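Naming follows writing order (A, B, C and D), and every chain is counted from residue 1.
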Amino acid sequence: MTLFLLSAGLTIIFGLMKIVNLAHGSLYMIGAYIGLSIWTISTSFWLALILAPLFTALIGYLLYQVLFRHIQIADPMRQVLLTFGLIYIGLDSVRLFWGTMSHSISAPNILSNSIIVLGESYPSYRLFVIFIGILIAALLYIFLEKTKIGAKVRASVDDPEMAKLLRIDTDKILIYMFALGCGLAGLAGITVAPILGVEPGMDMEVLVLTLIVVVVGGPGSLKGALIGSLLIGFVDSYGKVYIPEIAQIIIYAVMAVTLLLKPNGLYGR
Amino acid sequence: MILELKKLSKSFGSIKVLKNINLKIDNNECVGIIGPNGAGKSTLFNVIAGHLKHDIGDVIYKNININNKSNEQRARFGIVQSFQKNSMFPEMTVLESIMLAISHRLNITFQLFTNLNSNIRILNEAFEIIKNIGLDKYSNSRSDALSYGLQRQLEIGIAIACSPTLLLLDEPTAGMSPLETKNIIRLIKNLSKNYTIVIVEHDMEVIYNLAHRIYVLDRGKIIFNGESEEIKNSKLVQDKYLGIENV
Amino acid sequence: MDYMEDKMKAVNYNPRLRLHLFIVLVVSALISIFFGGYFTRFFIAEIAILSIFAMSLDFLAARGGLVSLGHAMFLGIGAYSTTIFILNLGISPFIATILSLLIGCFIGLLISYFIVVLNGIFFIMVTLALGEMFHAWVFTSELLGGSDGISGIIRPDISFMGIDMNDPFIFAIYSLLWMSLIYFILSRITDSPLGRNLDALRQNHMRLSAIGGYAKVYKIIAFTISSGVASIAGSLYVQLNGFISPELTHWTVSGEGLIMIIVGGIGSISGAILGASVVYILQHELSNFISWWMLIVGLLFILVVLFMQDGLWGLIEKLRLRLLKGKNKI
Amino acid sequence: MISFLFRYFKLLITLPFLFCVANANDKNIIKIGTLLPYSGVYTVLGEEITNAMKLAFEEQEDIFDKKIEVIRGDTEVKPNIALQKARKLISSDKVDILVGPVSSSVALAIRDVVVQTKTPLIIPNAGANVLTREKCSKFITRISFSNHQINAPMGTWMANQGIKTAFLLAPDYAAGKEMMSAFRDNFEAGGGSILGEEYTPFRKTKDFGPYLARIKNSGAEALYVFYAGGEAINFIKQAHSFGLGDIMKITGAGWTTSPLFLPAQKDAALGFIGSLNYVPSIDSVENNNFKKAYIDKYDRVPSEFAVQGYDTGKVIIEAVKSLSGDISNKEKLASAINNISVTGPRGPLTIDKKSNNVIQNIYIFEVVSGDNIPELKILDTIQAVKDPGSGCNL
């Protein structure tokens, strides 16, 4: 589900702005660290859960204003490299601000027990994460498909030039959607922090996986991100356990097969 | 006969763009295709050049059925088109673009270790062509630095550098000033001595000036075909097309 | 969504400047080799080898318009196959380099046959995934030494000619020779009809097919050549360092290679050498002084991407034009 | 051509002379080069080792009027970078002793250059068995541990405790596999049997859920596990939230609950039984002094990595002392290092002549609750453990 939160953010940025954002993982890491700081200061997980994504979105907003605005029309290579530079910066700034130790956030008390699901005990925090994932998916769906702003967004995705003619302020929409995408990365970071901890290097670990999900699902498609993250997440976790011989390769194989069959991803336009 | 289309149809989804087209082009002829916007002229061009695959019918070139030949293969047979929108190699100079095109005709594109730039034979030939299309002053300018009209000239230059047997020109004078248009007409007139040319054009002056024969296309159908004089006098065409255009 | 329109920008095609820059770089390297110490010689050899890798990426990116984030895979293929040839089969290292070149080309050919149809971002992603796949496989493969890699690889033994390859001076020269050879081959290919066609392919592939160019075939050839060159780099790298570890095949290595060529100026071949030198020296020097060098390097990358579209090559070209102008005035 | 060269004059002169900086060689300075990660994911280990080693040097002001200078070389945990830094330290900085590295792949990468240039190398962490077996050298001394050394005693100990069945879990890379096989050999020799094993993709596994389910169903009495860093934290927390500790004993290589990770693992780590070459709760004069000094200076409980760094410093000082400060002959220096025996925070240390690997005590501990952060309580001490490597009489 974390994968979904991440991929949803990335797919929005990817599909909407055609920006290849390799720094998405860094935003995820920064979101987790900001959450860590808020949690340490206020000792309230809920506050961290709300504020961390907002701060990450703010960072995304600033990044867009300062950097991405200029490379939106550049070729993909430049985008890749610019965001590659951002990975470096993200890694080192986290190290300078928060040090190199691994940290961890405790889940709030209500969610720290296990619940019996289908005869197996299952940590309730995990259920909470799944719940958040579903909630965000539903909210995004409603936002993009049912509201007026959503319609404008979709118009900007499908045909930017047409959208401009219709007097949709595509620039503004792009900024906010970029910030939203980054905010989702931050949300993912703080949501998984109680399970996976907060440490330098967590950015790289999710980056490739997220990119694969987006490509498999089809850039710009929310549905693709959802299905893709479920598929990849499932294949990744269970593939490792049941066919360990090819565990390392299996998700890439899934991606390769998908792209050979559908070169634009499952739900790509 | 160089090209023949037999009962050709093409549709995009549920929209039929070309319906049952029959068309013949003889050697060394200059044929014009006219028709209102959306009549299917560009689609017809793309089908002939092989960019698009038609659904039904046959394309016969020099008595060979080329239905299944790809765009590249058709180009190598000598069916070369110039595009409606300028689409050259923006970062190459005029000379480089022409030399590149010549390299295709000579079939040396798979040579790895010969220097294209210093091949005297190709160089001379390229200068010849550049002179023909009237770009001799610009041979070392980058394509994207040329004015629109000159770019159209280069566009034709690239096409003839492939020494086509059938040259497809898609609106060669679109968006040009009257002076530039005159230049192009002169250029094509010169070319039509040596090549078989098919022109799609909006500007009736240009067509009357150049084409020996004219096909009129309307909503994917050929509604008329004949000498240019006949077209001028045809009531049907006047109503359908020229009437509106010349208001 | 149409990614077809994403066109790579490359620097101006200018064979003269390319040769001049190359000569300057080689002369600088030679001076460093002659006057530098043990470490400098190794360093130059390393830069020369990285330059080969950068040139292979440069060739692919500028000529075919293909950006590969998985090219470190070929570095790894070259490196591991050389290792196996030398250690397990006892083949002389020089021949092993040639063989690894062939293997690299062959695998490049196989892979490219499937992936060159993809465009822009999908191509980047698929190469990234393939590279990671290879990395993951190497990382766990017992045969290839797993995460610890393999050490104890020897250099070409040509002592019968009175030359000791283990002398860093000799090996630096040997690497430079390889680099020059590859530079000349790639320049030659760039100037050839095929090279010009590849350039045209990047600029406008529709138009190229309209004049009879086999876009897909050209791309496959470009990818194959490029992967072969990368394999040579990998093979030499193993001989230089005497060991191989999976880190060499990580995708960030490809990323750094791309940064090198963007710093040097994409599409200029000798710019790739310049970029490799500058980036590598910068990283090395910075990491000696400050532990947060990554921050600075990252910032520099961003500045280059934003403000120096043609990289250092563009800078040199501007400088040259200004100098030429000054001359004409006098 | 000449005018063209002149145009690039600047470029020409800057490039070569960047490296030609000569280093003055001061005879009164002992130069220690570190090859440790100061950037990247293992930075914390590099810092612990360097900090503690400096602490050892500070305690000993100067030896025979010589000052000790530490030159840092950042390996970035990349073997190729490390090799390049090793060459720089050896040839440009002319260091007398190299200290490093943290990871085994880096150690193997720099091994040849160290041996060729005859520079004594003291390994303060990397555990690959081969370093003091097939690839051993008189110039390479390991003051930390071999993967076998830590895990093998645990196999015997657990078998002696009457545990019959175990399940193995470790990351899928060389060290993980070495540790598991060391444990397995001794555990099976003691009469135990392994019911199953899993190797998780190294540094790519964040969710242990599926593995935990499988381990639960295996019916083994104990789980033997090794993880480090973020994976260790995640594993311990996830195993706790899945209630694995209620079903079987969770045991493993001691790094899994290193003092570095305990602040993040908190109570989830309680009950874990592990083996390690150092635990902070060792009650000896050396350890108490060291702990106090370290906490005063760096404000955290020293980890085994810090101790390894500290002992490295001690060994260097003793070696220099034994040569009366004359370290110009590197072979003598190397053999002096190999002849040292000191008593450090973790107990008495001597170097095994057969492998140049340290002989040390291994502590079996259990994680128990402490004031704020859990503590490691020593259950058993196994004296003077050797690595079985032999035949290094070079």
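Points to keep in mind about this one:
By our rule, contacts are C-beta pairs under 8 Å (C-beta built on N, C-alpha and C of every residue); 3 or more make two chains touch, one makes a residue touch a chain.
Just so it is clear, the structure is predicted and the values come from calculations on it, not from any experiment.
Touch-path distance (fewest steps) from chain A to chain B is 2. Set against one another, B-C and C-D show the most C-beta pairs in contact at C-D.
Computed centre separation for the pair chain B/chain C is 42 angstrom, with centres defined by C-alpha atoms. Chain A and chain D, compared by their mean Cα positions, are separated by 35 Å. For this pair, chain A with chain C, the centres built from the Cα atoms lie 32 Å apart. Chain contacts: chain C has residues 136, 139-140, 292-294 touching two or more partner chains. Taken residue by residue, chain D touches two or more other chains at 39, 43, 172, 199, 201, 204, whereas all remaining positions touch fewer. Under the contact definition stated at the top, the residues of chain A that touch 2 or more other chains are 92, 95, 248. Touching chain pairs in this entry, ordered by label, are A-C, A-D, B-C, C-D.
Those residues of chain C lying in contact with chain B across their complex are 10, 12-13, 15, 188-189, 191-197, 199-200, 203-204, 206-215, 218, 221.
If you check the complex, the residues on chain A that touch chain D are 92, 95, 99-104, 106, 112, 114, 120-121, 123, 125-126, 192, 195-197, 199-202, 205-206, 237-238, 240-241, 244, 247-248.
Residues 39-41, 43-44, 47, 172, 198-201, 203-207, 209-211, 213-214, 229-230, 233-234, 237-238, 241-243, 260-261, 263-266 of chain D touch chain A in their complex. Here chain D touches chain C in the complex through residues 4-5, 7-8, 11-12, 15-16, 18-20, 38-39, 43, 73-74, 76-81, 83-84, 87-88, 90-92, 104-105, 108-109, 111-113, 128, 130, 135, 172-175, 177, 199, 201-202, 204, going by the rule given at the top. By the touch criterion given at the top, residues 14-15, 18, 20, 22, 67, 70-71, 74-78, 80-82, 84-89, 91-93, 95-96, 208, 211-212, 215, 219-220, 248-249, 252-253, 255-256, 259-260, 263-264, 268-269 of chain A touch chain C in their complex.
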